[in-house]
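Same chain, two partners: chain A is paired with chain B first, then with chain C.
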Partner chain A sequence: MSVDLGFITRIAPTLAQGLATTVALAIPAIVLSALWAIPVVAGLMARSRLVGRITADYVELVRNTPVLVQMFFIFFGSGVLGFPLSGFVSALLALVLQNGAYVAEIYRGGIRSIAQRQAEAGVALGLTKRKTFAIVVLPQAIRKVIPSLSNQGILIIKDTSLAATISVAELTFQARLLADRTAAVFEIFFTLALFYLALTAIFAGAMRLVERRVRIA
Partner chain B sequence: MNASWVRQVRTAAFVLLAATGIAALAAGTAIAQSATSRLDEIVKRDKLIVATFSTAPPFCYTDEGGKLVGFDIDIAQLIAKSLLGDANKIEFVKVTSEGRWPAVNSGRADIGIATTTVYPDRALHVAFTHPYIDSGISILVREDAKVDSLAALNDEKFTLANLSNPQMADRAKRYVPKAKVLTFDTPSAEFAAVKSGQAQAMQMDTPVLNWYAANNKGLKVLPESLGVIQGNAIFMKPGDFTLWLWMDTMVREMTQGSRYAEYSEIYHKWFGRNPPPERFYGQSGK
Partner chain C sequence: MDLLLTSAPLLARGAATTIYLSVVAILLATALGLVLALVQLYGGILLRIVVEVYLYLVRGVPLLVLLFAMYYALPYAGIALEPLAGGIAVISLYFAAFMTEVFRGAVLSVPAGQWDAGRAIGLTTPRILADIVFRQALRVAAPPFVNTCIMVVKGTSLVSIIGLADLTYVGKAIVERTLAPFEIFGVVALAYLALCLVLSRLGRRLETRLNYVH
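Right, the complex of A and B next:
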């Protein structure tokens, strides 16, 4: 079987519609995951044992169940409980809940990677603990976690495809509809892969720019 | 900076080259395959490989014990029995709605029997036999939605669950344009949407809905059907006339020939009534 290029240009507009939804889902999912991870990492590193325990349990729970199952759970569960959430909101919630936990672990790794000696040095110089964290530990930690964050962002972009199963008309969803209408599965999924590749490449490129921008020396 | 550009260009060229190679290889095998029929391969292998669904009752679904059962499964076994002399000389490949096409076109399965409606645009990419069963599309509603007709369902406050095929979307636009629409990739997810209250109604093949309504409380099938009678058929990779002819002959034998008795038995088992008669005229010719 050969690839029909004319066919690909015919399906591209429909896929582009899906692309818009994918982007509309991926951007808030990435931003909210990065934000939601801040209170989570604060909980994980809290001095209070109870808070630490509860946060760690949350992280384990969402990290150890598939995001697809979480989407189903939120989407169908909210229906059963009588306040049906839309597929888009259910997917966004599931992505943020799960990836927030992953990103929190990335943050924690970044903060832990800064030697304890530096914090001690800060305190010895007369800085408060809070100040030490803000001007000594945090700036270094942020630079260290950027590559891992980039990686996680790519995972989120790819995971948005799971939202197709709960009726969100994103890229994969449109591709499935097209594939079912025409049975030309190879051409369609080939094009679909190119769309995702473009999306993740742009994101990864942007993250590399950020990384270079904030590099020290 | 410069070196990294060179490296990137080199990588891109390599990927392109590899892709071209794979495409050429695929084209080569396609030509080689058309020389002999897949039918000989099936007979030599002594086993029929069938692509089917596992979530579409009562045609092809998994029962409580995890066994694949349904009308289509029984039909596939009748075909295996007629072709290889044993209903158990068969292997099922479970596929999704859009995954059924590559399952046969890639050669993973010999044929597909998956409650598949014949449409002209589908026939561009797979070869269909004549239909082995008539099908229509109906709508299942929650009784608590208090809807008795298509006209009543055509309201913004109702949500209709569809399967992810465009024919469903077309019908929703035509018959209930005001209702909201949700789209799922399996009949079971569609059904879960109705059960959970995310949707008040779903459209699906009439026999499937009759089966759902009979096995669940608080659901009913609207009396009107959407559109015309359609045909469900066996599909396979196009271009293999010998295999297609055998399968098409088998369908004719089931619906109007030597296998009609067994076909009727299967039909009755799943739908509680007899299939359409073998002929519209009696044998005595009066």
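Right, the complex of A and C next:
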């Protein structure tokens, strides 16, 4: 068995198409998870016990079931209900529902780690609770959660590969098609792994830049 | 309701496969994770680099891709694994990386002063590790360890894609014939939820045991 480099250059265009779809799925999945997590964390920390209970149940449910089953549930379920969602939309929804819950927990941890003493300091300065949260707690909490957000983003990028199972033509899907048609599967999966490594490395690097940018000297 | 009753034995068999996979993979990933964490903490530079590269690869490549690579590519290298053995191997290797981070982080969280204290009262390095460092590290490791175990249970659902008849596979097969995705995937999701909740309950008991102060 030898690795054929010429072959890799020939499959690269097909994989690049898949890469475009993977990126088109990963970016909204990451952004929407980060946004959806805001109402979720608000619910988790709400004063109303009912709201807190319902949100906590939602978080428990999605965190303790596989995202693959959630994708199948949404994809096949929407078809039976009469408004079939595309594989892409189903995958995006499942990723956001699950990761939004994880990110909400990250936010909560960040807010908790700042809240007590800093909030007391804010009140001592005569700020209202709302103002304390907005200009004292939040700016510090955001800085604190960036590394965890980066990790979660990497997990999201990797989980976009599951969309291949509901026939979204992303990277893994394209690689599998190629593997079914040729015998050079070693080269295909080697290249595929490199693509994912590059994607996650670029994302992690970008997040480190953001982290450095917002750091307080 | 009828559908759920007739599907129950099939789903139960799928659940048995999922539980079997999860238990074996958790045990293997934990054992390997412990070894790799020790290598990272106390091993030679060469071994550490090897482990670091391994962790980097696993962190950046999806589990599904690794499963496909095992399924499609390994036979060409002359290694043909049964889907079950292959699935267990890949899942264990994948989550071993997460376990390594859990254990390494826990050991590193024990303050350096604890080492000095151990030396000051004349303990040898192995005794310090066993009686002081690891004992405290276990408490720190317990919650992320349970989280990783839950990730393993959820991760086993991917073996359905390489044709292993686990809970997800059976659920999907039934849905394809009956067109009742809500009922079937609902039950499948609840089964995973139950499994994971049992795990986190056990985890909480473990934590209280570990936090017991003599």
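Worth pointing out:
In this section, the second predicted complex is superposed on the first by the 216 of 217 C-alpha atoms of A that agree within 3 Å, B and C clash if a C-alpha of one lies under 4 Å from a C-alpha of the other, contacts with A are read in each partner's own complex, and residues count from 1 in each chain.
Convention: a contact is a pair of C-beta atoms (placed from the backbone, for glycine too) under 8 Å apart; a residue touches a chain by one contact, two chains touch by 3 or more.
Quantities reported herein were computed from a predicted structural model and do not represent experimental measurements.
For the composite obtained by overlaying on chain A, chain B and chain C cannot both be accommodated without a clash.
By the touch criterion defined above, A:F186 lies against chain B and chain C together after alignment on the C-alpha atoms of chain A. In the overlay built on the shared chain, the residue A:P66 is in contact with chain C alone; chain B does not reach it. When the two structures are aligned on the shared chain, A:L177 is found in touch with chain B, with no touch to chain C. When the two complexes are overlaid, the chain among chain B and chain C that reaches more residues of chain A is C. Residue contacts after overlaying the shared chain place A:T165 against chain B and chain C alike. By the touch criterion defined above, A:Q140 reaches neither chain B nor chain C.
Residue contacts after overlaying the shared chain place A:T14 against neither chain B nor chain C. Once the two complexes are overlaid on the shared chain, A:F76 sits against chain B and chain C alike. Using the contact criterion defined above for the overlaid structures, shared-chain residue A:G87 touches chain B, although it does not reach chain C. When the two complexes are superposed via chain A, 99-107 is the only one of 81-89, 99-107, 117-125 or 171-179 in chain B with C-alpha atoms clashing against chain C. Judged by the document's definition of touching, chain A residues 1, 72, 76-77, 79-80, 164-165, 176, 179, 183, 185-186 lie at the interface with chain B and also at the interface with chain C.
Listed in rising order, the residues of chain A touching chain C in the complex are 1, 60-61, 63-70, 72-73, 76-77, 79-80, 154, 158-162, 164-165, 172, 175-176, 179, 183, 185-186, 188-189, 192-193, 196-197, 199-201. Contacts from chain A toward chain B in the complex involve residues 1-3, 72, 75-77, 79-80, 82, 84, 87, 164-167, 169, 173, 176-186. By the touch criterion given at the top, residues 56-57, 59-65, 68-69, 72-73, 76-77, 150, 154-155, 157-158, 160-161, 168, 171-172, 175, 179-182, 185-186, 188-189, 192-193, 196-197, 200 of chain C touch chain A in their complex. Considering their complex, residues 23, 26-27, 30, 97-99, 101-102, 105, 121-122, 124-126, 164-167, 169, 182-185, 189, 192-193, 196-198 of chain B touch chain A.
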